[in-house]
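Residue numbering begins at 1 within each chain, and the chains themselves are lettered A, B, C, D, E and F in the order written.
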Amino acid sequence: MEWIGAITAGIMAALGVWMMLDRHLMRVVLGIAVLGNAINLGVLTAGRFAGSEAAFTFAGQQVLDSANPLPQALVLTAIVIGFALFVFALSVLKRTHELHGDKDTDRVSQVTERPAPDQDEEEPYPPAEDRKP
Amino acid sequence: MNVLVILPILIPLTTLLLALLVRRHHAWVTVISMTGSAILLLAGIYLVALAAEGTVLSAQMGGWAAPYGISLVIDRLSAVMVAISGVIGFATLVYCFRQPMPADFLRDTHLFIQGLLVGICGAFVTADIFNLYVWFEVLLIGSFALIALGGGERRLSGAMTYLVLNMLATLLFLLAAGLVYGATGTLNMGELALLFRADEASAGAWLGVILMLVSFSIKAALFPLFGWLPASYHVAWTPVSALFAGLLTKVGVYALIRLVTLLWPEPGVVHSVLLWVACATMIIGVLGAAAQTEVRRILSFHIVSQVGYMVLGLALATPLALAGAVFYLIHHIVVKANLFFVGGIAARLSGSERLAAMGGLYARTPLLAILFAIPALSLAGIPPLSGFWAKFVLVKASLDAGIWVAAFFALFTGIFTLLSMSKIWNETFLKAHPDPERIGATGNGPRSAWFTVAGLAAITVMIGLGAGPVMDYAIAASTQLIEAPAYLQLLNRGGE
Amino acid sequence: MVYLHLLLATALAMLLAQASPLYWMLAFAALYPLFRLGGLVNGACRLYAMRIEAGTTFICWFTYQVFSASMNVAKMVLSPHRQPESAVVRVPLQTRDKRLVTLIGCLLTLTPGTLALDYWSRTGEMFVHILDTRSIESATGSIAEIERRLMRWIQPLGGGR
Amino acid sequence: MLISLLGIFINGLCAPFVWRLAHRHAGLLLAVVPAASFIWFALQVPEISRGGALFESLAWVPALNITLGLRLDGLALLFALLITGIGTLIVMYSGAYLRDHRQLGRFYAYLLIFMTAMLGLVLADDLIAMFVFWEATSIASYLLISFNHEKAESRRAALQALLITGGGGLALLAGLVLLGIATDTWQFSQLQSEMVQGHALFPAIMVLVLIGCFTKSAQFPFHLWLPNAMNAPTPVSAYLHSATMVKAGIYLLARLNPTLGGGTGWSTVLITLGALTALLGAVLAIRQYDLKRMLAYTTVTVLGQLTMLIGTNTSYGLQAFVLYLVAHSFYKGALFMAVGAIDHATGTRDIRRLSGLFTLMPLTGIAVGLAAFSNAGLPPFFGFIAKEFKYAGLIEMGSIGWTVTVVMILTNALLVAAAGLIFLKTFLGSPGKLSHSPHEVSPLMWIGPLLLAVGGFGLGAGNQWPEIWLVNTAVQAIASEEVDVGLYLWGGITPAVIASALTLGLGTVFYFKADAVRALANRLGSIWTFSGDLLWDKLLKRLFRFAGAVAALFQHGSLRLHMALMTLVVSICVLFGMLMMKTTPFDGHALSEVSLPGVIGCLLALGGAAGAAFMAGRLALVASLGASGLGLALFFVSINAPDVALTQLMVETLTVVFLAMVLRRMPVVPASGGSGAGANIWHAAVAVVFGLAVTLLIMTAVSQPLPGDLADWFLVNSLPSGYGSNVVNVILVDFRAVDTLGEILVVAIAALAASTLLGVGQPPTAKPRGLPEFSSLMLRQGMRPLAAILFLVSLAILWRGHNLPGGGFIGGLVAATGFTLLIVTFGRGIQRGLARIAPPTIIGLGLACAVGAGLFGLAAELSFMTGLWVAPFGVKLGTPLLFDLGVFLTVFGSVMHMLRNLIGRAV
Amino acid sequence: MNVLLAGQYWVLHLAGGILVVSMVLLMWRLLVGPSRPDRAVAMDALTMIGVAGVTVLALITRQQVLLDVAIILAIVSFLGSAAFALLFRGAHSSDEQPGPQLHEDDI
Amino acid sequence: MKEAMAFAGSILILLGALFSLLGALGVCRLPDAYSRMHSASKAGALGAILILLGALFATGGHAWFNVFLAVAVLLVSAPMAAHIISRAGHMAGVRPKVGPLGDALERAKDRSSNR
């Protein structure tokens, strides 16, 4: 089973990277999610798929052949973290789109290479359009 | 003891949640946040004082023995990193004080800076690989929040670039942590160190660690993986980029130092790879800086270059070189953050941070010129400021070790550093302003910002003039890094 | 009414203690005659019992409906070359009670072959997509049937308008 | 010595304030401290001349054996006297010269700091302390040269000086460090030539030190900064050229001569380069019309000669060195100050326009005259003795010496001509036409040059005095062995005298044929372009262009390129590491069996991911992503990880919901691969390599049985120690609760940040009504019970989580799901009706619960996060459960907060 | 968890097999579309298959804890469908009109 | 009793699986999204419910809590899901392929917008 986990993780990672190399920013953000899934799978695989039952130890029952709970706990943590970061990325994307309609990856990073604006030209916070009641 | 170990995490965390609960009252948030970081600073100083006496603090979270539970360790390096985080955190908040920004903006800055500090301090004190990953994520999301704060096309784009590339790095770290567990059966750094030091690590463990090092290298902005840094640091709000410039990449460097010294106390193949990487980082970074025409871009590339020095110290792997790296770390954080702060004030006075649109500040505000000159000269390694000792020790260590090429790069980079610092100096201070009416049109800004800059400059001078005790500390820290007593004894001590 | 609920709660507590739906059904079987008998002296008890009866009847009827409708859909899907003749029909509902309308909508949607597309509260009409029908009447009829039976169940409680 | 250093330094720091207070008299006031130092040093002369030395030392960096050690011996004393003496005069002079400059206070400061640095440099006994002062002189001179900072020319000159001397300084540092390594000491006074000579590092040390010294003392080819430094105000030039800066390099050469000198390499390099520099300086000097520039080039000449003299290492040579050093300091200081006075008085420094000034400025004229004679090496000036001894020293060397002597005769003849031009041409003859009528300058401006010029005369005439008091000990300090010192003006007809006579004769010829000489010099035009500034500019330009190209490699503004590079580097590192270790993934130990549902889950996950990667359209994208998550969850179920599966499911669904909310306002996402075929292949290659690396990595990691007993320990201890059956949950809330704490912090900050970004707290634009897709009555009626069920389920999951699948995360996510349904149906307003507490407060409370749960342990003097349990009424309650509640609240509050803002303001 | 079924082995595996076949069919529809609701329907059905599949898996492995996954999956299924419904309309459509058929008092 | 429950369980599970297959087949065969919804959302949900009930029997009522919650959620959410998808689809302009009886909702919408 570890074989399959490893190969799946590899292919998914490749797909994730492929998406992150896309021109469309939306797909880049989704690529992060896919890559994240791949990595989670990888972590779980690295912890082995031993055991024939889930890691529960009920009173009076002997622990016989449980799955390794540690990688599960780690991956659980990683999944939630990944989700939080993904949502943040999504909101950056949304804001970018709302403000400028940027969706092309290269354009986005080119913008950062523009010369710095003068101090009084910096964007107010939050952007003026939102301040209107 | 237990309390002390968790303090670096607990102080900013408590500050954050208190500030969050009173977030509607902006004044309270400011008070709480500044008090919190002052306490963190004091705690850091106390930890350094303890560590200087040779005390090593460690605790098992939840009382579960290593390697089952999470271990936190504060040795000399951790202690000084915590203290310096306190310094920079406090400095940033003081700089932010009364900046002419909307109240919500400042409030959010305070919240996120506290969050960032939790992550940074957590990364400094943990002795568990996965726990390190978690703190990395905390500081990552804190930095995302801060870099995007305020919106705007440029800033959002920078945030996106920063975000995507850093997420990739962090995911790699996660995979690496998983692989290391899968190959060694442990997440405890001490146990890992024992394994590697006994040369019993399997190929899988090696590969996992290599992956981890690569991911740290991205975080630390090493050649050729530093592209994200100069592509994003200059877009954030000035104090934010100062905080990033000072502290953030250094967490990566810290992690590199920690892991490499733990696993390979003797020079080996990893060190020789790091050596070349460090040299390339130094020179490429400084060349990149020379090509820039904006204050913060120059400084951003310099971060890259300077990280090269620190890694050089690590790569040389002699106690002296490591001490140099530690010294460099301490010095650089203060100096680099300060340069960003000064750059912010200069940009404010000039009305721009493009060198072409700046000027005339030498005549108008000589005080600022002095305050810039101190960190700038220190960065360039001009004695007797802090940077000189850092560089000197590294040069001496490389020559001691007979690695001439390292010394050559270290010195050669120095001259370029001087060049680009004098570029800023020339254009911003000496040259007449192209549009004299714009100079200081918006006033000098809040006085607290000037205090920040002056305070950090004073620290730079103090480190330089009082290099003796600092160097003693750094050397002791480097010895401790190599011997790693705290980490290696975690397992023997059992639970508390 | 309150103590009836209390009674039910007791049953539920039993069920929790024994942790088996079998006991739950047994409890109900045991309680039901009590309700019936209680109905002779107490109006609320009678209503309660009637509601249970109507409810049981409705559930059985509805389950049957679902299965027979499923069979129709199955035939439809499995027979080759047969294309369904779909339609969206407008069914005026008797009740205007929002909860009842919702319940009706859910129930008819749960039945294969019919699907609540929309409900316009202004006119009290429900628009239902029907998978395969030849006449509007048969479609509306079956839906009206659901409503009627449902009302019979709910009405004793005094629900509706 | 320390006090004098510190005094001058503090004096410098106070200078701006003194100037602001005293203004006119600031110069005099500030000259007091240097003057006092001078007197102090003068008082040490008897002691030192007896061969003693003074030591002072202050520990600096004990770990590296570096001290702030000072030593006053003959050489140091000589320099110290020059520095403080001439410095005092310069300070007074500049007060008058720059009287009306508004940055004069700063100027004083720089000058005095410069003086400190220079003094420190010559006094330092510690190599590193010396270097500290060395660099300080570079910086201070930078500030002085760029004093007229609004002139681009000044800035350029300053930068040039800084880079050349700074760069040399770095080489010097390396040299000094090597010296320290080779000799194991940082003290000049403990250096022995045996320690170094013959050491493997010796050649490197020598080369590096020489580079440092040559850049500083403007030896060819580093000489170009010196003439450009003329852009500084004249007092600076006077100081820089006479006693300081440029002499720093010479000083160090002299200081290290006993240690490094003696070998043929040292001599050859010093003599050759010194002579070359001298000749070059002289030729360049004669070309100039600007008095100041001419003086500057003569300085280059002198520096060359001094270097050369050290190289001779002969008795006469070293005596000549000291004599020449002193003589030059006197006359050059005088000349510069006088030229400044002329400039001040006449408004020009062009010798073609100046003449006959003597009647107008007699005192300055006397000073210039005396100094120029000394410069020309006429008897009985000190310069004459210096020249005699120089020739004597060279001739002593034999055949090489003769060759060099010829060069020197030529050089000195040119110097004679230059001296003539400076004095005769300018002061004698009939007055020329000038823009404004010249007049004698103020006493402060002529007293300095006059004192120095007379001093030069006096020293020459009464040469026994300096011989006993100064020269002797200085020469002994430079020489490796004892040297007999005896100065004389006339020692009979010696080859040296003949050479002198030749020099004078040739010089006179040159003076009268000055224009012809100049024309000849100009004809060698190509040499000037080579040695001149053009090269520097070109070099700098090339450098910046190169730097730009390097920067562009990494600053291309393409996120994709960054990504690709990063991914590729990672993959290559890993694959290369694998190759190095010759690992073969899987050496055939037992792995777990393949399970069909797992395979199906994998296929579904891959299919979904592939769909997301390639398909066009928003919904297809979201659906594929959802399917992928579903498949993954199925896989997790199949490997007995129900908690992970649950989390994955919830997260995936919320991801889909959030995506849908964002995407509904966005244009259609096109199919991937729209960057052209070449780019596609390249991207695909990067992706495949990365995927391969990941697969191989994992396979290698699992290629042996899992070491360690962590898993077993957790399984065994979960119930008895953590009081929970769900081991994963016990790990999350107890064994590794700190991880979880960090994790919920991430969630909380992400929520706060996302909502900040999307403009939290802004009032909705219209009355919130929920999304139109959910505006059906059936939905509105049905949603409440459904949400209620979800809230109940979430509470159940939270409660059971410690023993059964679930826990804070999943519970929080389920509750948030219920909330999501309500908000999309009824709009953001429902939140206020549902929960009076704002989401950030819920987040804060959640974090507080989690942290508080940890604090209980601390309060009980146990570790942070130690679980404490009670069992009232048989229900096991403990801090881990409180922690789980904190997780629940944080996750719930965070998702609620994110959602509220992500859904948009209109809803 | 004790599981007792008539013809236990083949019943469960047969059921599993049937579910797999169903899943493949649905995947095909998910990929092909063509309309957006089509994909949404396929996705919704897929999660239902998931609920059924996880239940069968729980019976096969005799792990009651897996049944919890089924509950969550059921919840998730609805949420997913609701999310897809948001994407049916074209981009940049206005949200302002709340639908003509809704009364003020329906809320 | 136990045998009966085991038997009922088997029947229910197989029936549920068949329902699921039926739903999937319908999704493939039926002509438009609305028709597919009849088979997918409902046959699928019914299949899942049946299998869950089968599990209830198979475990001798042991898993009743899980089954109860799952069935409750399915019963409430399945029709809602079908409703929301079909309604949103109709709103977005995806028209059902209808027979001679036509689309009353579209007509009604036209009427109300013309008014």
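The rule is simple: a residue touches a chain if its C-beta (ideal position, glycine included) is under 8 Å from a C-beta of that chain, and two chains touch if they have at least 3 such contacts.
It should be emphasised that the depicted structure is a prediction, and the values quoted were computed from it without experimental measurement.
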Minimal step count in the chain contact network, subunit B to subunit C: 2
Neighbouring chains shared between subunit A and subunit F, ordered by label: D, E
Chain whose average C-alpha position is farthest from subunit C's own: D
Of E-F and C-D, pair with higher C-beta contact tally: E-F
Geometric centre distance via CA averages, subunit D-subunit B, whole Å: 16
Euclidean distance of C-alpha centroids - subunit C vs subunit E, Å: 24
Multi-partner residues of subunit E (each touching 2 or more other chains): 16, 23, 36, 40, 42, 61, 63, 65-66, 68, 71, 75, 78, 82, 84-86, 88-89, 99, 101-102, 106
Residues of subunit C whose C-beta touches two or more other chains: 98, 105-106, 116, 118-121
Two or more partner chains touched - positions in subunit F: 25, 32, 34, 37, 45, 62, 69, 73, 76-78, 80, 82-84, 86-88, 91
Subunit A-facing residues of subunit D, complex: 555, 557-560, 562-564, 567, 586, 591-595, 598-599, 602, 605-606, 609-610, 612-613, 621, 625, 628-629, 632, 635-636, 639-644, 647-648, 651, 654-655, 658-659, 662-663, 665-667, 669-670, 672-675, 683-684, 686-688, 690-699, 701-702, 706, 710-711, 714-716, 718-719, 725-728, 731-732, 736, 739-740, 743, 746-747, 749-751, 753-755, 757-759, 762-763, 803-805, 809, 891, 894, 898, 901-902
Complex contact set, residues of subunit E against subunit F: 1-8, 11-12, 14-16, 18-19, 21-23, 25-26, 28-29, 35-38, 40-42, 44-45, 48-49, 51-52, 55-56, 58-59, 64, 67-68, 70-71, 74-75, 77-78, 81-82, 84-86, 88-90, 99-101
Touch list for subunit B against partner subunit A, complex: 101-102, 104-105, 130, 133-134, 137, 140-141, 144-145, 148-161, 163-164, 167-168, 171-172, 174-175, 177-179, 181-183, 231-232, 234-235, 293-294, 296, 347-348, 350-354, 357, 442
Subunit D-facing residues of subunit A, complex: 1-24, 26-28, 30-31, 33-34, 37-42, 44-59, 63, 66-70, 72-77, 79-88, 90-95, 97-98, 103, 105-106, 108-110, 112-113, 126-127, 130-131, 133
Residues of subunit F that touch subunit D when the two form their complex: 69, 72-73, 76-77, 80, 83-84, 87-88, 91
